[in-house]
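What follows is chain A paired twice: with chain B in the first complex and chain C in the second.
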Partner chain A sequence: MTTYLSTGRQAAAPPGPAAGPPPTKQPPPRRQRDNRWGRYRQWGPGLLLISPSLLLLGVFVYGFLGWNVRVSFTSWRGLTPKYDFVWLQNYTALWNDERWMIDVRNIAIFTLVFVIGSMGLGFIMAVLLEPGVRGENIMRSVFLLPMAISFIATAIVWRWLLDNGTGENTTGLNQLFANLGLEFLRSDWHKSTSGWAVAAMALPAGWTLAGYVMTMFLAGMRGVPDSLREAARLDGASERQVFWYVTRPTIRPVGLSIVLILVHVSLKTFDLMYAIDQRNVKIDTPSLYMWFTTFDGGFYNRGATIATLLLFGVVLVIGPYIWFAVRSERT
Partner chain B sequence: MTRPDHPTTRPTPPLAPGPYPTSPGSGTAMLRAKPREEAKAPRFRLPMTMIRYVALYGLACFFLMPVYLLIITALKDPVDVAATRMWELPTSLSIDSFRAVIPTLSGGFKNSLILAVPASIISAILGSANGFVLAKWRFPGANIVFPLVLFGIFVPYQAVLIPLVRTMTAAGLRGANDPTGGLRGLVLVHIIYGLPITTLIFRNFFASLPASLIESSQVDGAGLLQTFFDVAMPLAKPAFAVAIIWQFTAVWNDFLFGAVMSGSGAWPITIALNNITGGQSVPFNEAMAGALLACIPTVGVYILLGRYFLRGVMAGTLQGS
Partner chain C sequence: MWQGRGLFVALVLIAALFALPLYLPGQGDANAQRFEVYSWWTGPGEGDGLEAMIEHFTKNNPDVDFVNAAVSGGAGSNAKAILASRLLANDPPDSYQRHAGLELQDDVRSGKVQDLTQLYQEQGWHATFPQGLLDYLTIDGGIYAVPVNIHRANLTWYSPKTLRSLGIDSPPRSWNEFLQQAPSIKAQGKTPLALGPEWTQKHLLEAVLLGELGPDQYEGLWDGRMSWRSPEVTSALNTFQMVLEFTDITSAASDWQPQLDRIIDATATYAVMGDWAYTYFAITKKLGWRQDFDVAASPGTDGVFDFLSDTFTLPTGSRHPEITKTWLIECGSTEGQNLFNPLKGSIPARTDADPTPYLDYLAWDLQEWRNPDTRIVGSLAHGVVANNAWGAEIDTALVLFLQDGDAVKFAETVATRYRETK
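Moving on, here comes the complex of A and B:
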């Protein structure tokens, strides 16, 4: 677990009396109050320096999250805010909402395909790169490049790559497949009538994030000490066994982290679908529904409810992740 | 860049992932390949190596395919452009597509620069102070505050949008309520929501510095601010590079905040790009030229300063240091 947050604990020993101001200036700690004041002088300025940021984050993150949850319990529609209390009415209404049910199904399919696809592709790339190849830096840069490109620009290209024109109008990936004699791969992508149409969105999303997965796995694999693998080889382990019994257990925590991060990315994905085909309910997701129902429809209550459920999903995935990351650092 | 392409030519032991590099050159140390003794490699390796190379080049083609399409389409003569012939190389080069989109995108480009430069710098400065305090000048409760700040990196922004819109409208910092069309408010929003990640980047950086640096400064009688400005800040240049580059990329590529906050004159590049080239009526070559223009700053930074970008990527997911 060494690749988590670098340890600040041991290094950050509290500045004790040994490191404090010269003893001549120190008043003798006769009473408890003096002691407390002395300790305050140690950490007070730090807290003061950080407090504007904490205040801003407190209001803009936690204050707003709370406010949003409050809105999800109201019947606020239209431009005038209304802060009544309707219990869980908005939540129960969602489960009778056809579009919401489609969205839940879509986000589940998208998450599944996107996470498994990116993990698989990124892992394969890391395994291929791990022994070191000529031009590795360039390869790595190419694989990570999409992360520097906005989802909007990505969507503009992929909208054409995922075009579903037929016959004369065949273009994009389908045309590429036809040219390579791979017609059987032809697909209508996100415009397909299949219930799995949203899975096509995993292609641009995976294109963006597979390089990140590769980077994390590569760092994890290269963190495995050679002596461990050497010892296994001396004991007669085959390369496959070395991978399975030495490398795999050490990169498992990395793999788990990537899965959690990708699931959270997937829950939040918004720009990509918005820019590729925003009115296509086949690729509609909760984050898009929240946007349209709130800012186009004026259903603030429903928007806040969807946002609260999204928050709940992210907390469920990221909460334990942060907890483990912080805890593993302390040990 | 940092590692010679031939691992065997450099027999230095690999650096374990851990201490934050204080010299910019070692930014990707954790990814460095280990030197191998090629002579020991068994015979069956040769075909395996070939398969590896073929697979890697194939994957590189897949990753570059959209980039190829973007570049060749943007450079084609508009009369030469047809969606059904999109994979063909241009017969002649032309910058007419760029000429067509530049007038409509230049405003967005400028707005994004006005947003991204101050937002990333201010966010990094505030983050450096927070990171320093959380790493080296801990206060009671810091163990609770730090994870709460971290969660700010992952928060789904949809869950703050409604309150944000109400607050910024009331404060006269959003859209038509703001003389700058919402740009001021948008800078503020990007600074605030950038704080968690910049705080983390600097906190990890300062945690990797030895405690003795801070202690000796204190023995010399320096207080918190003096230690921070005279000792910590000058050492933190690589962390500033990571934080500013990461924030610049995040702000430049942001869509959601820009969409709720900005009025039509203040659209950042992503909004302008989506609104102008999003419709089906816009020629395909112009959409591509616009997308290419919109990528240039972030991709340029990525190509020139990739190792800092990489550190930001790792930090953003609580990995690495």
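Moving on, here comes the complex of A and C:
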């Protein structure tokens, strides 16, 4: 079984002269030819089947990705494409760009607050639902439902909820606080003068994704065999200890996946801020700057540079995960 | 084995079935007469105006299969993004909408639109459009667009009732006067000047610059004759900052309609806004002109008409250039303009169109537009005086200026970006 698998993996390695047997002048013995045919029969049909999608992926994802990187090295501005080569000029210009630096800071704060917030909220909800409560299915659907709503629709609702009008113009969450006698909670949200104003965007984003986090955690917790917990209990572990020493290690991979998904969602967030308060620099992010500079101003070079850096950011997060996942699958 | 093959064949068949629509005749010869006009007019009023013009056009040209390719959202910004990708792919619509002025400069320099000077001569448009407008339509020596309508940007909207209750006789005639009125308005618990999203702040900046510098220096800002570093500009920018102190910018409305709602419900006193506000007040909100709401030229701009205009073009590579020309003639005709403008709430660009359909505000507006003493200048926030690249860079500089309040840095940045994007 093991040997069979290992030949399969060798065959899947990139084909090249090095992978084959040493070249000989004589025709290869019949057995070896059979062997090759056998190998082909192993991965050939599979490759054939996925080749259309590989081709599409190659062109529409990696091809355009490469093209985008190419554009980030040009001085293309406006409706006339220009494929010159200006080295890293666009990149250095960006690091001297005040708005870009604000954007980087904003996205870091937003990611931090959003990931920690929705992980925490989702986790607490999962812990509360885990023992099995009445109407769990309904509650699960209710918590998951926000994810089915597009970010644009979410943003329109939250634009009103996060309104910071004062006096007669008080609405949304602030009005709710006022009616409950909790005026001290009143906030200017994303229009506040604080440098952390962008953190307010984590509210709608977290509202959308906390239910999803909950579902993932719940599935992870339910995946822990009861026998393991029973065994721990028999050994005299308290419920807290059972959670910490049995449940927690088993759901750690789930937690890691959630972090990755949330971080890359956060880096790419565009529509939420776009619809809540367009061009408010307090909630400006790299993806918004990319859109405005490209399509309002025609700075295709700068837009492509931002896109490349965004890709870089996502790869920095996803890369180690893929590496880790592939390694742990092999062992 | 046979089972596997069966599955494979089934998969191929299914894939072929899904791909079937691709083999059907698409936009080939069958749709040779499809005539596509691209705009961002989808809202009430503007959409109706466009429909009226299309109806008139198709009645005279029954063979044309007219496609109204209007894209909604973002006050045209969505439409412009999609248009940009179509122009880059050299797949233009048969005619598309742009604001009059330098918004079209990139299209002209990239050869995306055709010169219409000959059409202007044939139609005698050089005589029927005012010279001030023609000057702004001319880019690098040619004319590339036909204007349908005229909007005015330098206007202050207010409610006469609110003014009476505050004991104010008339709206301010200069920004200094506004700054004198504002503290007492604020003391009585009202916002002196309502603001909306970022573009309304750019719109206000434009109004303050025009009011403080006057039309000559204002125009000089956009063609390089007036230095952004001059003391006059610095002082105007300081005025702008002082005016901002009396606005609700920290809790600005999320759009221009809610911004005007604050005038209606009397929590705010003034709003600087273009005359699309008239359609909103009079038609959407059914308020009485002169009773419930009134208008004056924005402070310091009496006798100056800060205009913006929607135009249509003849793109290079249009599949039906002859039909496009007929469409452009419709856009520039008195019939077309008088069908469109009363519904859209704007006035005809032509000076010889029948003025009777234009009532209330529009009558006053038309009178100002046609008055030979009126000075016509172009709008910054609406694409007339700055090309797209510079306009977008001014947007960035402005949001940073509103953050840090550094007027000198703002002027410096705007001046530098002008040179870089010229």
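Basically, the second predicted complex is superposed on the first by the 272 of 331 C-alpha atoms of A that agree within 3 Å, B and C clash if a C-alpha of one lies under 4 Å from a C-alpha of the other, contacts with A are read in each partner's own complex, and residues count from 1 in each chain.
Definition applied: contacts are C-beta pairs under 8 Å (C-beta built on N, C-alpha and C of every residue); 3 or more make two chains touch, one makes a residue touch a chain.
Quick caveat: nothing in here was measured; it's all calculated off a predicted structure.
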Taking the superposition on A as described, I'd like to know which of chain B and chain C A:54 touches: first, second, both or neither. first
First, second, both or neither for A:295, with chain B first and chain C second: both
Going by the touch definition up top, name the partner, chain B or chain C, that contacts more of chain A. B
Between chain B (first) and chain C (second), which, if any, makes contact with A:311: first, second, both or neither? first
Of the partners chain B and chain C, which touch A:168 in the superposed model: first, second, both, neither? both
Looking at the overlay, does A:81 come into contact with chain B only (first), chain C only (second), both, or neither? both
Touched partner set for A:244, first chain B, second chain C, both or neither: neither
First, second, both or neither for A:144, with chain B first and chain C second: first
Touching both chain B and chain C, residues of chain A: 45, 49, 52, 81, 163, 165, 168-169, 291, 295
Taking the touch rule as given, give the residues of chain A at its contact with chain C in the complex, in rising order. 45, 49, 52, 77-81, 98-99, 159, 163-169, 188, 191, 193, 276-282, 284, 291-293, 295-299
Within the complex, chain A is touched by chain B residues 1-3, 5-7, 14, 16-20, 30-34, 36, 52-53, 55-56, 59-60, 62-67, 69-70, 83-84, 86-87, 126-127, 129-130, 132-140, 143, 145-152, 154-164, 166-167, 189, 192-193, 195-196, 199, 203-204, 206-211, 214-215, 218-219, 221, 223-225, 228, 249, 252-253, 255-256, 260, 270, 273-274, 277-278, 284, 287-288, 290-292, 294-295, 298-299, 301-303, 306, 309-310, 313-314, 317-321
Contacts from chain A onto chain B in the complex sit at residues 2-8, 11-15, 19-22, 43-47, 49-50, 52-54, 56-57, 60-65, 67-68, 71, 81, 121, 124-125, 128-137, 139-154, 156-158, 160-161, 163, 165, 168-172, 175-176, 179, 207, 211-212, 215-216, 218-219, 222-223, 226, 254, 257-258, 261, 264, 267-268, 270-271, 274-275, 287, 290-291, 294-295, 300, 303-304, 306-308, 310-311, 313-315, 318-319, 321-323, 325-326
Of chain C, residues touching chain A in the complex: 4, 8, 11, 15, 74, 77, 80-81, 84, 87-88, 106-107, 109-112, 189, 197-199, 250-252, 254, 262, 265, 267, 388-389, 391-393, 395-396, 399-400, 402-403, 421
